[in-house]
Amino acid sequence: MSDLADLTARMRAFTEVRDWGRFHDLKSLTLALVGEVGEVADLVQWLPAEGAGGTAEGGHLRERLGEELADVLLYLVRLADVAGVDLAAAARSKLEANSHRFPVATNLGVAPVRD
Amino acid sequence: MSDLADLTARMRAFTEVRDWGRFHDLKSLTLALVGEVGEVADLVQWLPAEGAGGTAEGGHLRERLGEELADVLLYLVRLADVAGVDLAAAARSKLEANSHRFPVATNLGVAPVRD
Amino acid sequence: MSDLADLTARMRAFTEVRDWGRFHDLKSLTLALVGEVGEVADLVQWLPAEGAGGTAEGGHLRERLGEELADVLLYLVRLADVAGVDLAAAARSKLEANSHRFPVATNLGVAPVRD
Amino acid sequence: MSDLADLTARMRAFTEVRDWGRFHDLKSLTLALVGEVGEVADLVQWLPAEGAGGTAEGGHLRERLGEELADVLLYLVRLADVAGVDLAAAARSKLEANSHRFPVATNLGVAPVRD
């Protein structure tokens, strides 16, 4: 089983056995995701720009980031599950679309653009 | 290869071939993650509470959510890669910790609590 | 002096006397804003939909929300100051634009739409 | 009348005349706030760190930031109104508390810390 499918199944079981499904609507889970992304922002907000390129601060920042990025992922797979979205397939499809949208040959060193 | 490792490798290659690595520091990628989470919030913000429980609005909302959740995942794996975090391992470790933190037996129907 | 101008001046003085101006670039301040919005999300995420309409939980939630909404406002006025934006004027201008964009007469009870 | 009280009153009238109050619960408004903060993040995410210190890119970025920061403020005052929070008083109180929490004399050039 793939790791996204595995995490999705485990989060679903975790939720069901605690009878927390009634809390897990799309709006509540999005807010929970926002809360966790806020914790990631807390960890990196005052990093010096030059030090933000990697894990220069050593193991502590990496460990804290690992915990918060994990929380983001757990709510993300749960949200996708409730929404009926196949997250792995959606991500592969989006990556494919991005490859066409930002062709390598025409890249002229400009910053990526989103819309 | 696992989903997450596969997506991480693809995002890294996507970035390198476009020479976008210089944009992908921890702060910029967290901001990009925030932008994508904002798009998820846009999609669900005015859903009626009763309709927020699932994909009641049918295929269109699910499709749009799939695209935005995919964007969140792609920046998440990229951010984890730059931070030197093994996202799958971190998520499994966090789920394990949560199982102990919220034991089933003592669950009395209260809402989940985070700190 | 208006309260937004007053808060802006106080935040600027607060920053300068601590020599924190070097931390207050647009990206860092946006991340700080995100962190505070994440704390607001934490407070409301598991509220029952029917109880989310007001301050039903009584004084405690209102007090905690007051603290976090204050933090959001403080970073918002600081960010606007660094960006050279007149926040009060921008908000009045946006409200005016929204009045034209969503005319009362044509409102047919549909949810507000953003783009 | 103060800026914040004026904007709060205008947003309340704007909402009532369109009968949008039924959409404006704490969770929906927080999600709307998140959506607007996401647009701010979009504008600054790829700025070079050295250029993120101000409005170096000239008028266009400032104008776009003004629009998005205005949207953040409008949802923020609306959210505070629904929550029963006096935003100006809460911000002044928080600033006062921060002055004690981060005394000038003991500042040794370290980055601000939040918890």
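Here are some notes:
We just call them A, B, C and D in the order they show up, numbering each chain from 1.
The rule is short, and it goes like this: contacts are C-beta pairs under 8 Å (C-beta built on N, C-alpha and C of every residue); 3 or more make two chains touch, one makes a residue touch a chain.
The shown structure was predicted, so the numbers you read here are calculated from the model rather than taken from an experiment.
Taking B-C and B-D together, the pair of chains sharing more C-beta contacts is B-D.
Comparing the contact residues of subunit A and subunit B by number shows a mostly shared set, over half of all numbers used being common to the two copies. Separation between the centroids of subunit A and subunit B, computed from CA atoms only, is 2 Å.
For the pair subunit B and subunit D, the distance between C-alpha centroids works out to 24 Å. In subunit A, the residues that touch at least two other chains are 23, 25, 27-28, 30-32, 34-35, 37, 41-42, 44-46, 49, 52, 111-112, 114. Per the touch definition, subunit A reaches subunit D in the complex via residues 27-28, 30-31, 34, 42, 46, 49-50, 52, 111-112, 114. Here subunit C touches subunit D in the complex through residues 2-5, 7, 10-11, 14, 17-20, 23, 25-28, 30, 32-35, 37, 40-41, 44-45, 47, 49, 52-55, 61-62, 65-67, 69-74, 76, 79-80, 82-88, 90-95, 98-99, 102, 104, 107, 109, 111-112, 114, going by the rule given at the top. Residues of subunit D touching subunit B in their complex: 23, 25, 27-28, 31-32, 34-39, 41-42, 44-46, 49.
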